[in-house]
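Two complexes come next, and they have one chain in common, subunit A, joined by subunit B in the first and subunit C in the second.
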Partner chain A sequence: MANSKAAVVGLTLLQQRQRAAFWFLAPMLVALFCVAAWPLLRTVWFSFTDTSLNNLYGGKWIGFDNYLSVRTLESGRVIYRGTLVDPAWWNAVWNTVRFSVVSVTIETVLGLIVALVLNAEFKGRGLVRAAVLIPWAIPTIVSAKMWAWMLNDQYGIINDILLRIGAIDKKIAWTASTDTAMYAVLMVDVWKTTPFMALLCLAGLQMVPRDVYEAAKIDGVHPVKVFFKVTLPLIKPALMVAVIFRMLDALRVFDLIYVLTPNSAATKTMSVISRENLIDFDKFAYGSAQSTLLFAILAIFVSLYIWLGRVDLSGEGGK
Partner chain B sequence: MTFEITTRAIRSGAAFAMMAVLGAPAVADDLFYVSGAVGAAVENFPALVKPWEDATGNTVTMVPMPASTSDQFGQYRLWLAAGTQDIDLFQTDVIWAPQLADHFVDLTEAAKDLVPQHFPSIIESQTVNGKLVALPIFTDAPALFYRKDLLEKYGVAVPKTWAELTVSAQTVQDGERAAGKGDFWGFVWQGNAYEGLTCNALEWVKSFGGGQIVEPDGSISINNPKAIAALEQAKAWVGTVSPDGVLAYQEEEARGVWQTGNAAFMRNWPYAYGLGNGDDSAVKGLFGVTTLPTGGDNPTSAATLGGWNVAVSKYSTKQEAAISLALYLAGPEAQKHRALTESNLPTIVALYDDAEIAAGQPIIPQWKDVFLQAVPRPSAPTLGKYNEVSSKFWSAVHATLSGNGTAAENLELLEIELSEMKGDAW
Partner chain C sequence: MTANNWMKQIAFYALVVVIVIFSVFPFYYAVVTSFSTGTRLFEINYWPKVFDWSNYEAVLGGRTFPRNILNSVFIATTTVVFALFLAVTASYALARVRFRGRGLLLMTILGVSMFPQIAVLAGLFELIRFLGLFNTPWALILSYTIFTLPFTVWVLTTFMRDLPIEIEEAAIVDGATPWIIITQVFLPLLWPALVTTGLLAFIGAWNEFLFALTFTSSETTRTVPVAIALLSGASAQEIPWGPIMAASVIVTVPLILLVLVFQRKIVSGLTSGGVKG
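And now, the complex of A and B:
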């Protein structure tokens, strides 16, 4: 006791605080290393080996062959192999990008509209705010399965409603047809995540001081102009953070597509195709290479976004 | 405990005989058996294993899994790769043996008395490099379900060829639609992009005489005029006698349309027979089953061989009891029980002549004809690459059916992809 006291006396208050902070943070750092860093590093390692799921510890180092390998046959023909020349992989990348851009754009616009409505003063606002969150609160597997039944061509309620109101003249196979599969997935995702965007936008809106609006009102500025000149610039930081959260989620989308259209080439995303290789096709190392690429794409995207958009993720507000 | 087991065993002669064969274990074990939950399999399981539990004093808990075989396979592969000791017995699909062989106990020695009673081809499908990986508990072969009442109403004969089926389906569909049933369809099957489409398409191709994708010697045979004709035939159904949505149907969706009385023909597995004759079925007593049609001028039809087996995990700490349960489940008593309660087809030859089964499930002796024309999926020659081969095949077929390229184009491409995958050898 006396010893430790003597040691503490030798430190300044700041050093003591830093030391205490480190010990408080240590458990979290250890936990993060175990659940995030270690699996990630291991996946990267697997992607440079020929590991199979039946023999997880027997993989041999094969370099970049899972990404790209070039072989010249005796006939002189050159053959390229690996994920980077795999059309199925690029199809998945394209699907993912398309899905992410379209869904996040729609969700941001709709979310902002919903947030503006919820920000207004009206009776029963608390109740409506809670009710709007329901789609977000349902686990994706459950809501995806629910939508799968609603979108069923023969006994689904969507076709039934559309037929009754005369919007379509014959039942549409939403998830089966390659033309509509992506729309079906997008629709369900928008339904599910718009509330999340609305919530984040609402938080931003509530930070906007009321007197700005009053000043605009006194000056007689048109409400539409107020929105674009006052509201939007003021909530932009919150909006940018909301968009990047959604974008990260959308780029690694898995559960919704796995339930709704598991094997359709029209909707297969990066996560779905890497799982398929990892588990179903017994190409564990190949799937690991795709997972690693997925991680790299996400990392590059986030860096670019933060850099180009000057997004402030520190929450300190200073620029 | 031993005393209790002994008194129980004496009460039941059958159980006593089993004990003599299997030997009573010193300590009672609690086993875990994992299986997909299809139809009434979960509810029926306790009654199925009761005699074995009484005889040995062990208990079994069933761990139910999703109905989709692909989902089951993914989970089992993860569990086995991690060497889990939580599951002692796995119920495995007929095509999994080569892919999971390393993780299961060799049952050759334990089952040497039981094996000769089974169909040799099924035992062979579960044998990998001389190791008996799993024991068959029931087999599966699909058939053509048809509405007796409607065929009679429109004066149509039970179709023998796919061309006849197409015409008949159209006739019945037109008639029923004219009579006001707007949702009525001629023929429903499984067209979703999944293992089931491989089964369906293999039947079309084989029944046209177009081979079986990859032949037993490993050669790739899929790109041929007969296979192309078969796929073109199927393509013509989509949107005419089959709904567009058939491209998203698995077994249960097809059964849904069929069992609500909205289809004239259905391609499905035997389990749909018992359920179709249930009290809540709109087609109860109105339908019959026959072998699937033949294609072109090829004389024989084809039915994809399905079926389920039981395998003992080599990571199990209770292997002795687990093997004893596997032998029981693959044995005549359990197979007969399954046949009577779930219309599952036995793999024991003698049970097809069993009077009780013939009386309780008259369809089963009939199914012997279907079964004799069964064609295996190419899981044996393609070894660990079977899933990928199957996925490429069903993708090519699904693309053809949904109009992305012709059958000829897609099969040509498939042939190239398969030979690249094969390399020098599977």
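And now, the complex of A and C:
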């Protein structure tokens, strides 16, 4: 009797809590629906219409024409139009992929090195950690401008340093030249985001128990071997999460490229070309199609990564 | 110590010095540049030779830049307050109440925080036009919710999940409603997490560029990053590097100070967003 009464009270308590939980979640869910789900759906919708920037409600449904349309002329010639046959779009896709893979790879390696340094005990570690945080704290636009000045072809300090040490024999127009624009962008991005990688790696390293290293030292195992056989496998879960966060950030990169190398076809990414069409070129629907494609590419990439890498993002595993 | 060990020590400290110089030099050079004017700007100086404040006077005495700073402060603060207000109750529900679909909901929220912003740009543009918010601070406060809110919910949820169950049980036994539990029991314990997430959300809103560029159209409604990006000289060829560097230093110094003061909190906030022990 007493038992069943307790069960009834427990149930109502749980129900009461669940009802409260619903009302606690509702405002946040409404807000997220308004700023995320609804605009996303509208973007996808626009991509199937011929909406223009000045007449947002005058668009007609045109199916997949913004993506790909095939028309056969009377002469028998077949004309393909749309984003999927637009060389500028594929150039942007290629730029984005190249930028993301190279930058995230370099940042992961450098981030790990910095994290290993910060994980060691030495005098002034706090100061070094503070210094490493500075690039992260600087707004992207500001770092783009700072580096644009340092990379300036005539008065830039980078050319000056490289000339002095004899690495180059004439000044390079880093951001303007199509050969070097991507290097310039990568340089700034690596500088700006390696601290973030380092912090995430450091958090992973600090979870490795110290006695593992002690044991390896006593057994006389070479430190490099310890790193690859013990440390790396132990921090791999943390590393996988850090890499996906950075990768998603890199794949949608906009501000750095918009400011550092404006209008350069060598660095134009998917986000940059989409916005250009959406706002600047008054091809609102066409730009919508490109941003929808970008979203689809990211969604597929994340799903594959989580599925293949068995990444646990929820933090609930094992609990 | 053997010679070998000495070599290792020297190599290690050399690496440390390289890391520090690489991190700090660009900002240092921006500060040096911001104090030079005229032809001195185009001599390459590794050390500050003069302290000429005229770039700062030009920027701060200008017509629009002080206004841009106020815009940024107002927008970032309001965004953070709004996000924290919604996130505290939501993350209590997500962290402490068991219900069906909780894991899925959490993953959705995390997914939204990783949204490519360009994918919602067209839809948000329409929404903001529809609400009549275009070219006002509210357009940015509304749109920044897309990345501040999921992030604050996520971090606060992981933080609340780790609080001991006993304190809540005691309150339940005393007959406290969930609302009382949040405001009287959890909120006092949450302060450190609120400061961290608030700070990180503030930095995110302060630095945002894409929405700010698209949803404002006049010089006086711009935020600081847009103002700096579009700062131009008398002609297109003549880029005013001195004032740009002065403006950059002005908006970056407060951030660097905040980050250095709250170093530990920021590191723990950043890592609980991604890596969970």
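The criterion applied here is as follows: the second predicted complex is superposed on the first by the 305 of 319 C-alpha atoms of A that agree within 3 Å, B and C clash if a C-alpha of one lies under 4 Å from a C-alpha of the other, contacts with A are read in each partner's own complex, and residues count from 1 in each chain.
In the analysis below, a residue touches a chain if its C-beta (ideal position, glycine included) is under 8 Å from a C-beta of that chain, and two chains touch if they have at least 3 such contacts.
Treat the numbers as computed from the prediction; the structure is a model and nothing was measured.
Applying the stated contact rule after C-alpha superposition, one finds that A:Gln154 touches each of subunit B and subunit C. Ranking subunit B and subunit C by residues of subunit A touched puts C first.
When the two complexes are overlaid on their common chain A, residue A:Asp282 makes contact with subunit B while staying clear of subunit C. Judged by the touch definition given at the top, the superposed model places A:Ser143 against subunit C, while subunit B stays out of reach. Look at A:Leu56: by the touch rule set out above, it reaches both subunit B and subunit C. In the superposed model, A:Ala130 lies in contact with subunit C only, and not with subunit B. Applying the stated contact rule after C-alpha superposition, one finds that A:Ser274 touches subunit C and leaves subunit B untouched.
In the superposed pair of complexes, A:Thr175 makes contact with subunit B only, with no contact to subunit C. With both structures placed on the common chain, the touch criterion links A:Phe24 to subunit C but leaves subunit B unconnected. Applying the stated contact rule after C-alpha superposition, one finds that A:Leu13 touches subunit C and leaves subunit B untouched.
Annotation: subunit A residues 56, 152, 154-155, 275, 279 touch subunit B in one complex and subunit C in the other.
On subunit A, the positions that touch subunit C within their shared complex are 13-14, 16-18, 20-22, 24-25, 27-29, 31-32, 34-36, 38-43, 46, 56, 113-114, 117, 120, 122, 124, 128-147, 149-150, 152, 154-155, 157, 160, 191, 195-196, 199-200, 202-204, 207, 237-238, 241-242, 245, 248, 251-252, 254-255, 258-259, 270-271, 274-275, 278-279, 284, 287-288, 291-292, 294-295, 298, 302, 313-316. Residues of subunit C that touch subunit A in their complex: 12-13, 15-16, 19-20, 22-24, 26-27, 29-30, 33, 41-42, 44, 46, 86-87, 89-90, 92-94, 97-99, 103, 105-107, 109-112, 114-127, 129, 142-143, 145-146, 149-150, 153, 158, 161, 172, 177-179, 182, 203, 206-207, 209-210, 213-214, 224-226, 228-229, 241, 244-245, 248, 251-252, 255-256, 258-260, 263, 266-267, 270-271, 274-277. Per the touch definition, subunit B reaches subunit A in the complex via residues 70, 73-74, 77-78, 80-81, 99, 102-103, 183, 191-194, 243-249, 253, 256-257, 260, 262, 384-385, 387-388, 391, 394-395, 398-399, 402, 404.
On the subunit A side of its complex with subunit B, the touching residues are 53-54, 56, 152-155, 171-173, 175-178, 261-265, 275-276, 279-283.
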